[in-house]
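Letters are used for the chains, namely A, B, C and D, taken in the order the chains are written, and counting of residues starts over at 1 for each.
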Amino acid sequence: MTTNVGILGATGAVGQRLIQLLDPHPEFEITALTASESSAGEDYRDAAKWRIDTPIPDYVAEMEVRATDPTYVPNDVDLLFSSLPSSVGEAVEPKFAEEGYVLSSNSSNFRTDEDVPLTIPEVNADHLDLIEVQRDERGWDGAIVKNPNCSTITMVPPLAALEEAFGLERVDVSTLQAVSGAGYDGVTSMEIIDNAIPHIGGEEEKMETESQKLLGSFDGAAIEWHDVDVSASCNRIPTLDGHLENVWADTSDDVTPAGAAEALREYPSIDLYSSPDQLIRVFEEPDRPQPRLDRNYDNGMGIATGGLKETTHGINFNCLAHNTLRGAAGASILNGELLLESGYI
Amino acid sequence: MTTNVGILGATGAVGQRLIQLLDPHPEFEITALTASESSAGEDYRDAAKWRIDTPIPDYVAEMEVRATDPTYVPNDVDLLFSSLPSSVGEAVEPKFAEEGYVLSSNSSNFRTDEDVPLTIPEVNADHLDLIEVQRDERGWDGAIVKNPNCSTITMVPPLAALEEAFGLERVDVSTLQAVSGAGYDGVTSMEIIDNAIPHIGGEEEKMETESQKLLGSFDGAAIEWHDVDVSASCNRIPTLDGHLENVWADTSDDVTPAGAAEALREYPSIDLYSSPDQLIRVFEEPDRPQPRLDRNYDNGMGIATGGLKETTHGINFNCLAHNTLRGAAGASILNGELLLESGYI
Amino acid sequence: MTTNVGILGATGAVGQRLIQLLDPHPEFEITALTASESSAGEDYRDAAKWRIDTPIPDYVAEMEVRATDPTYVPNDVDLLFSSLPSSVGEAVEPKFAEEGYVLSSNSSNFRTDEDVPLTIPEVNADHLDLIEVQRDERGWDGAIVKNPNCSTITMVPPLAALEEAFGLERVDVSTLQAVSGAGYDGVTSMEIIDNAIPHIGGEEEKMETESQKLLGSFDGAAIEWHDVDVSASCNRIPTLDGHLENVWADTSDDVTPAGAAEALREYPSIDLYSSPDQLIRVFEEPDRPQPRLDRNYDNGMGIATGGLKETTHGINFNCLAHNTLRGAAGASILNGELLLESGYI
Amino acid sequence: MTTNVGILGATGAVGQRLIQLLDPHPEFEITALTASESSAGEDYRDAAKWRIDTPIPDYVAEMEVRATDPTYVPNDVDLLFSSLPSSVGEAVEPKFAEEGYVLSSNSSNFRTDEDVPLTIPEVNADHLDLIEVQRDERGWDGAIVKNPNCSTITMVPPLAALEEAFGLERVDVSTLQAVSGAGYDGVTSMEIIDNAIPHIGGEEEKMETESQKLLGSFDGAAIEWHDVDVSASCNRIPTLDGHLENVWADTSDDVTPAGAAEALREYPSIDLYSSPDQLIRVFEEPDRPQPRLDRNYDNGMGIATGGLKETTHGINFNCLAHNTLRGAAGASILNGELLLESGYI
């Protein structure tokens, strides 16, 4: 028995990755695709400019694209993955939730709302029950669950491991982000060849606030955000996929590189289909992880770390994740698996 | 009246830049070039694989390359620029100093020795008089003066400005460094296309120690190193020239972005030929400085900053400098100008 | 005495290059700028997203941008440079010519019209007098003169030299074109990093037809197109500037690499401000010309060739030119200089 | 029952690809690895700087590397894959053949020798029996079989299809080759970022001569080379993997793009493990094939073509293959499969 799923915003970069990942997924079956009104009625093959290096599954290619409106999505779709632009997501996601649909959304809207679960299943699966609060407050039969931003998701599992073992007080983080994070048309070639751009609009704020919420604790009624002091500096560089980050983590307790490595390696994963056996891999080679060599670890769902170094205040390390897999499409699917496992769908 | 200068290690990447910059220089005239023994006796045109986009000056192309040994360098050369590999520099630079030559060296050896001036003229010109201590201790007629590593030199002028205005306690710095910093053959294309490498051997230590020495104070007898706590995380990215850095500067006094910008802009330059009128430029545009657009500011000798942002502990900002101009060849030439101005040659 | 010039389409990639080149030009003075209606009334600084690595000249930055319509362009503007999108050019360039303006246009519309001069001054300056035919037929006081497409202009001077010396029968040409040829937003980073695209819409046809017209002869009444059989295969590669081309030129007479090199080197330039002393440079090094090293030869207005090799039917060689300088903005300005020299303005 | 195989030159770029492909291969089992003398005795893990994005198989990582000399290779190795530098191959491959080993070699030495089979199994499998001639003449028990150069192998299958259908008279070919073709250290980042190099030493000659031999006919005693007139112009561009080529094929008979597409699509494959079901794929989209999107077609063993266009003399088209898979390691393995199938091992 598989669950019927739909994809809101199926023609974009994350939408295409969702299709690529859902096609062979044993628990989900794609039965509905939506896009902007101008594509409604077209076959997916014509509506999407497919740019992934595996072909469009045949049945998806021939599927009719619908307008992104609850009216046009069949009732037997049990889960909707949303990769809408945030302004669109803000407008239409509540309509779907109101109509009873459960959404696992990658869109950035609502992520820091008090009654919206923002979850990385291996880190804070318990936050999912915030759905009950959400339903009470909004009177919805459906629900909206969010995964974090791709740059946040890369560092939070290691930070969670360090927080648990040593306590976490302050984080300075510098990112080297791939162009795919901005979507297919987000970064022009003239902007980025032989260059780097030390600014990604809104990204630093997302890393700072989403991390506090993810590391926070849920008492059944509300999330108490963690008070870690996060300061992010975000850069775009000429790589295709994979966000690399340099992190300074100031800890409450003393920490050595060996102790930190142990805490990272032993941080537990979760028993869901898309979750890796070992969530966090620690490289001993000082020049790893590297985006091109390490982004596909565990089907792009692993977190790679390395370069652990003691500082006066804690530990400095590097981390890497595939931004459109672990950082976007894969993150939403993993949340979908958690929703299924938890009985919400 | 120009000063006769020689270049030790003239065929490498920095050696070629030295030639490009010295050719039109009003104060210096190239009269001697050295390279490894295997090239000795050849014309420079044949000894060097010239890879700069301006042609080799004719008289340089026809100049005979000598072995890197005091025996072969004429006595009327008053200043030697050294861009030797550090292991070679360690072995031969003292021989030249002993024979009475004054060296302005870009090689990394000796930079943190107690009696070797490590200078950025706009920042710590007064450290140059450490030459007296050096001569006393080593019994040399000549002298060795060093400029810092390219990644250090990019951030130290802004740090000096902040130290002076607000006091400096801690620095976390992440670098996005260009491939030219590793020399022509230092980074292969297969290593870096669609990739980033979070490790540059020895670079982090250089940034941490050299900064403390540069920001230190000289009492006529010794340098008292500054006690700022620097932690660096260095990355190589697919850019050709220009090192971009994200800096967190924790200050003793409160600081606002506006106050920091003022301190940076007003930090004085020095009246030497290669020094820019305004040393530190502050961009208001949040996505600047960028390597390709801003590395050539003021003939590649300016320091560009931007992205100033308040943190709980001080200020976060970006800085950029051209690594083979301000960060290597231009740095050595500027030290040569300071040596001339100070009467040491 | 300088000539007042205006730029139609001043905010785009070629428009910015036109400003950069015209600012220091001794014969021309920028007095009017136009863009799309939505920018009309704004200062140029605000209307354009300036992306060139030299700053906007101050007086240009403060110049008000006008709508691209003859009504808004002052009558004392004697020459208009046009870098409009071709669909816009097709609509509005005739209106300007009708109102008496002389246009030196880089837009692709009308290039192969029978009564429109398509000129590279060093190659077919005599075609300019087609203006008389144009004025007779269209009843214009003004005129429209075109320069060829950037990929055409790179190979035609060498082809003209070979035609003159050996006769030209067939040309197969493969191009490796820089992303700037598509404008700032023309090629996304996700399309081109670690990739090449073997197709540029319309480019192959342009190379095939424009070459025949450029190499044709003008008898005072019409251009007789050259009957050379040109077949082009165009590729986009991850370079910023500079189009490199591999050319097979089948000649009527026997040709050796040495003979071809002599014909190329001796092909005459023209005595105009922007034209190089030697139009075609021939490299002996087998691995030159290269885009990054050689695109700026003679301020980006030279044609670099190399790799001359005998084939059974003629000669195989490589050529290179800077696509936004010699291939676009510089080409239009050179035509403007020719118009001035010829008394048309 | 699997065949024991060894790899000569196992630590290089092609050697690593051989390991990656042979590990899951159902017919072969890696039992010996050789490298230069300096690595002899080390574990493969230490001897090789592994740079492929799948991990080293454990048993290979722990295998001891031997010197490349028949003395050190066990007798029960039935097939040797050779990816030695050509100068080394020239010296040692005959020693192995003399000792009875059968070699499937990717090294460029001996490729055009009269008694050495140069084979692409789908194109000229019958040439393999030249082994008999080789053994007679050289008195070997073993044998040396070669696959062509990576740039040759990309265009020869389409050329063979066109030759068979329409007759082939002349070929002009321009290549856009990936950096991996030069090995890990072959192209530095400073040479190729924002650049292209119109020269690859020896490559053009290889394409011209190897193609004639591959398309030739074998009468049981010798290969009669095809008299097609091939002229190649080779370029290196900033892509990691995948050689793209623009080909002008002049044919004896008239040809249309549709007719050529049919000939390409219907050109038969061969029933060997690594050979694709359909050897040549023809894209209808004008902007395909592209290296990054299409190099992995059929596990990197397919030939992708597109952009078919009629010319006055025949057909112009693009072709693409993965240079280290179909063009090197995979080509050698396919020849190994043919040797096995043909009973030579």
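The rule is short, and it goes like this: a residue touches a chain if its C-beta (ideal position, glycine included) is under 8 Å from a C-beta of that chain, and two chains touch if they have at least 3 such contacts.
By chain, UniProt protein names: A, B, C, D = Aspartate-semialdehyde dehydrogenase.
Quantities reported herein were computed from a predicted structural model and do not represent experimental measurements.
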Worksheet item: What is the touch distance from chain B to chain D, in steps?
Response: 1
Worksheet, complete the sentence: Expressed as a multiple of 5 degrees between 0 and 180, the CA superposition of chain B onto chain C rotates by 180
Discussion item. Sharing more than half its contact pairs with B-D, counted by residue number, which one of A-B, B-C or A-C qualifies?
Written reply: A-C
Worksheet item: How many Å are there between the centre of chain A and the centre of chain D, using C-alpha atoms for each centre?
Response: 41
Item to complete: Averaging only over C-alpha atoms, locate the centres of chain A and chain C and give their separation in whole Å.
Response: 47
Item to complete: Name the residues of chain D that each touch 2 or more other chains.
Response: 51, 193-194, 238-240, 292-293
Item to complete: Using the touch definition up top, name the residues of chain C that touch chain A in the complex.
Response: 51, 179-180, 184-194, 238-240
Fill in: Touching residues on chain B, where the partner in the complex is chain A
170, 172, 174, 176, 193-199, 204, 229, 231, 233, 235, 237-240, 244, 246, 248, 286-293, 306-307, 309, 311-313, 316, 318
Fill in: Partner chain C, residues of chain B touching it in the complex
51, 53, 193-194, 292-294, 296
